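There are structures below to look over.
Here come two complexes built around chain A, the first alongside chain B, the second alongside chain C.
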Partner chain A sequence: METTLSDILQDIRSIYYYAPLAIKVAIIFIIVAVSATVLAYLVMLRSRYRNYRQQRRMARMLPKIDELLMNEIIANPNIPHDVAPSKVALDLEPFDELPLHKRWGREMLTERIIHYRNNVSGTAGDLLRNLYLQLDLDKDAMRKLKSRHWNKKVEALNEFTLMDMPIADVTILPLANSRNRELRAAARQAYIKLSKNEPFKFFDSVTDPLLPWDQVELYRIITTTTDIAIPNFARWITYSSNKSVVSFCMKLVVHYNQLAAVPAIIKLLENRDHTLRAEAIEALGRLKIAEVEDRLVHLYTSQPLFCQIAILKALGRIRSGRHIDFLRNEFLHSTDFDLRKAAARAIVKNEIMAREVIDELLATTTGENLLILKHCMNPLIKY
Partner chain B sequence: MSKILLVEDDEVMPKIIARILPPPEYEVDIAVNGKEAIQKLEANHYQYDLLITDIMMPYANGFEILSKVKSHEREKPIPVIIVSNAGNEDMIMEGFKLGVDDFLKKPIIPAELVIRVKRLLMRNK
Partner chain C sequence: MNSVQEILSAFYDSAIFVYGLTLIVVYGVLAVLSIIAIRRYLNATRPSQLENLMSSPLAPGISILAPAYNEGLTIIANVRSLLTLNYPKYEIVLINDGSTDDSLEQLINEFDMVAVDFAYHEKIRSKPVRAIYKSRNQAYSNLLVIDKVNGKSKADAVNAGINAAAFDYFVCTDVDCVLHKDTLLELIKPVMQEGGKRVIAIGATLRIANSSEFDEGVMTRMRPPRALLPRFQEVEYIRSFVLGKMGWSAINCVPNVSGGLGLFDREIVIKSGGYDHKSFGEDMELLTRMCGFCEDNKIPYSVRYIPKTLCWTEGPSSLKVFGRQRTRWARGLAQLMYAHKSIFLRPRYGRLGLVVFPYNFFFELLAPVIEASGIIIYLWLGLTGNVNWPYAILLLIFVYTYAIMISTLSILWDQLSFHYYKSVKEVLSLLIMPFLEFLLYHPLITFYSLKGYLFFLTNRRSSWGNMQRQGFRKAKTTT
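So, the complex of A and B:
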């Protein structure tokens, strides 16, 4: 007797119909699992095939691109030397042999131009940028920047940064405040690198707090970017309503040793926020502003514990030696362990002026205080 | 003809250098990592007029190659130019301590590299 497909399906249906509930659940589970596995395999195969096709295109295209970039841009003897590289009208005809009407062709050329620009600068680098503009490759990046997908926007921002292409403030500033961390970081990085006059303008519009990680990233970008216009950070220390921006700007003032911003930091000693006050004291200490020492000592008794510790540390950093007696008193009479330790460290840092006091303390103190002093005097122990 | 060994793991840089230092005046031998560079140096009995190397490379970094070249007994040691984008202060100092003759930070200006190469070759003649 011949079995047809409909018979088989009929059998399966009857088995399923009369099977107990547990078996029915198991059958459904198996069908879903098998379908998901097959689907996953298909997705993997598709992605592998696309990669393989991309590799094949690259293998075919890259030698051509390299030859064109080398012959027409980097080692072209016909490029006039008396014209600025950005103004040279390049011969684009040889580039017609590339499939630039296709998106992947343009993407491949853009990637290669960026790769070359990472290796060469000067006239050759400027000519590569000129080629990028004359072939309208920047339009693709602009389209990506308007995409709804954040990763496309990040790609576009990176491309503009590497190609040194300015972006309008109205386009980039909203991205610098994006809720997406990656996008926010890329936009800020691009803004700092591309904005020639005011690379820190986005501080004006930062509404959310700068998270510690954002601050680390920004600090790295700012301190490693060359040819950056450094503004007077007092502007944000004085007027910004965002505490994290004020705090971050104080760190930048210390990094750039920006003494012009010191009066703005001194004003923060009157701020109601004790965290900002402590940070201002720390910044003044790091900048070694000796004129502020008397004021810090005067403020000391009215401050919370961590501001007091910041004051003692600042006195240690300034090292003027004018307040050794104050530090000695704090070390001997304070009831708080951290204060005594900070005072001892400050005395030790003022060693040149405080030699006699240190000798006296070593001879007269006992127990925990002696231990603290010896601990602070050990140059191998940092904390 | 000046024989130059270029050690570089980036695929673009050798193409650029080979083009800006063309034959017959220059013969550029390329090694794509530190290990291959050391093999080429030994196979050629260190008979190169100049070594251009990157720092960060697989197997053996630029400083290891530099130490090898500078410790090799030769009447005149091979002059070395480091071309790298990892040019922080410590690395530059380390390079000069090990006897590097010149340091160029990527991205390079091709014409500048040509001049520096010519100057070192002249000095060593």
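So, the complex of A and C:
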């Protein structure tokens, strides 16, 4: 008698139905595990194959793209110099040999254009942007911007930012307040870089904290974009209820040495938030505002430890030499190690005015205090 | 006698089956959570972000703590490797833990170091520091060498490093580990991206370096280990880091940040008392105390993991060294569960008390005991003719196929995300391991775990043991 497949299936079915619960569960899990393992193998094979195909395409296409960009755009002697680079009608015929009817072909070219644009400036950069527009490569990014997926939107925003492509405020501002953190950050960066009206407008409305990571990116964009109108950041330091915006604006004030914003920072010394107060003290120190020293010394005793350390560091940075006695006193009598170290460092930074005090301290102090002083005086030790 | 058999059969039929099923479901959930966390990481990662941070004055400072004991053979190359890391503001604190070889002399000569008057403040207790050295060469100005009395543990050496560290965050690594050049940039990212919670520790994936190629301390070609034992460990690491830790990271329940590589919040570490030099699992013990400290003080905290491989370490290739390592780990786990039993199932400790500890207790600590006792009872029932063999085999197939699936999925997640290995052959050499693991590797792990528990229960004196390193393969030089 021959056993057919249906007989085997029938047997399995009957075993399953009459088996205890544990065995039924086991059978289900076996089927799931075997299927998932096989599927995992197939997905891995597919992924490796796609990756291999991509690598091959890149190996074939990249030299071609590079040659075209170099010969036809960057180093092309036939491009007229008397016409603005953005107005030049480029010869697009050589680019027909690229598979631009396929998405991967356009993506590869876009990537290379961005790469070259990051490494050249002036006319060549503008010509590359012109090529990007004339080949309608921006349409792909525009499609991505309308995608339902946030990561596609982020890709589009980054592309527009790198290519200096203007985007309407009405398109970008809603994204700057998106619930998705990545999208929100990318939109804010794009807005600052691309908005022709008021690039810092979102500072007015932002309610969520600007994370340190976002601040790094914003800081870079703000400080490296050449044609951006830098506002007086005192406006947000004074009126913003978002602490992270205030903190970020103080960093920008220090970067631009914006002395007009100093009164707004001084006002923060009365702020109830310890962290913000410490940041204000640090900013005043970095800006070397000597007029604020008395106020800082006056505040000192009522502050928490990290604000006290910030005050001592600020006195060291300002280097007016007017509060050497205060620093000396703190160094000698403070019970906290970090305070003594900060005071010693501040005294050493005021070396020109504090030479006598330093000599006296070297002669009279002993033990840990002497070690702290020598530590701070040693040029080999940075921190 | 029959009633005992019946009770045991009933226990293994019901309680242990539910136990096993729960573990299997947990692994399934972790697999789903981990892929979500990995996709989230990849979607939020652009190479330009790291470049921006690299040139930013807003990057927080990081101290790298690298304890070394008799690492004279490789110490110069290892320090040079650390000096080439990409980060705008960092220092290397190398702690020479009373080496008896010429490590210190080599460092002094190679990096032009001199003893300095360093204000060393002992915030965490450690063995006395003999001297602290700084380089006269400006190129090595971020290198600090601490020479201290041997404390017979890595914990003691790292504690000395924490005391001398200048920055708010420190990375703890082993001096013989090879780090990815972007390690610091990658590790600080979660700290800077987290809103609302304080990120107290971050870990990253570690890999076995045995057959990979390195040039001047930089990984140039990643390969799965050729030898069987290290290759088993490679698969275990992928499963543990890419699937396990990433899954736990998604729900903020990471139980441990590996001692090989981790970034920590220095203030929380100091307030938690630093590393415990008596612990055999000092990394896990510290993290438990840090989380406990945050819960006690109502500090909202998180512990994160990143799926990218940032560190390569030499895995033991001899059974003797491997056994010693795993026995120590198991002993450390038992020690930890006992020392912190007050956290277990206590709602006031949040996820630490209700998820991390119960999971570790039931599925990490008890698993080898249940497995070993299960095998003994299985044999006994088999010998007395009380086993339903078709069902028993079916259950065995169930566990076997599921274990293979989980390991294969972790390799898949890793492959989909990073494409680390060049050839299909290399990936296949890894994919074959889950089929053998159940039969060859897992029994070893169970055995050494039980040995570790026994050492803990009998309070047996044991030394740390020195891992006999064989060194890394050097990349072939092309002419």
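Quick note on the criterion: the second predicted complex is superposed on the first by the 227 of 383 C-alpha atoms of A that agree within 3 Å, B and C clash if a C-alpha of one lies under 4 Å from a C-alpha of the other, contacts with A are read in each partner's own complex, and residues count from 1 in each chain.
One rule holds for everything that comes next: a residue touches a chain if its C-beta (ideal position, glycine included) is under 8 Å from a C-beta of that chain, and two chains touch if they have at least 3 such contacts.
Keep in mind the model is a prediction, meaning the values are calculated, not measured.
Peer 1: Looking at the overlay, does A:Y383 come into contact with chain B only (first), chain C only (second), both, or neither?
Peer 2: Once the two structures are laid over each other on A, A:Y383 reaches chain C alone.
Peer 1: Where does A:Y219 make contact in the superposed view: on chain B (first), on chain C (second), on both, or on neither?
Peer 2: Second partner only.
Peer 1: Given the superposition on chain A, which partner contacts more residues in chain A: chain B or chain C?
Peer 2: C
Peer 1: Which partner does A:P174 contact after superposing on A: first (chain B), second (chain C), both, neither?
Peer 2: A:P174 contacts neither chain B nor chain C.
Peer 1: With the two structures laid over each other on chain A, which partner does A:P166 touch: chain B (first), chain C (second), both, or neither?
Peer 2: neither
Peer 1: Which of the two partners, first being chain B and second being chain C, lies in contact with A:A75: first, second, both, or neither?
Peer 2: First partner only, chain B.
Peer 1: Where does A:N119 make contact in the superposed view: on chain B (first), on chain C (second), on both, or on neither?
Peer 2: So A:N119 only meets chain B here.
Peer 1: Per the contact definition in the header, classify A:P94: touching chain B only (first), chain C only (second), both, or neither.
Peer 2: A:P94: touches no partner chain.
Peer 1: Quick one: which bits of chain B touch chain A in the complex? Just the residue numbers, please.
Peer 2: Residues 10, 12-13, 15-16, 19-20, 85, 106-112 of chain B touch chain A in their complex.
Peer 1: Touching chain B in the complex: which residues of chain A?
Peer 2: Interface residues on chain A, with respect to chain B: 66, 70, 74-75, 115-125.
Peer 1: Using the touch definition up top, name the residues of chain C that touch chain A in the complex.
Peer 2: 13, 17, 21, 24, 43-44, 46, 48-49, 52-53, 55-61, 91, 114, 116-121, 134-136, 141-142, 166-167, 189, 191-196, 391, 394-395, 397-398, 401-402, 404-405, 408-409, 411-412, 415-416, 419, 424, 427, 431
Peer 1: Would you tell me which residues of chain A are touching chain C in their complex?
Peer 2: So the residues of chain A touching chain C come out as 19-20, 22-23, 25-27, 29-30, 32-34, 36-37, 40-41, 43-45, 47-48, 51, 150-151, 154, 158, 181-182, 208-209, 211-213, 215-217, 219-220, 251, 337, 341, 368, 371-372, 374-376, 378, 380-383.
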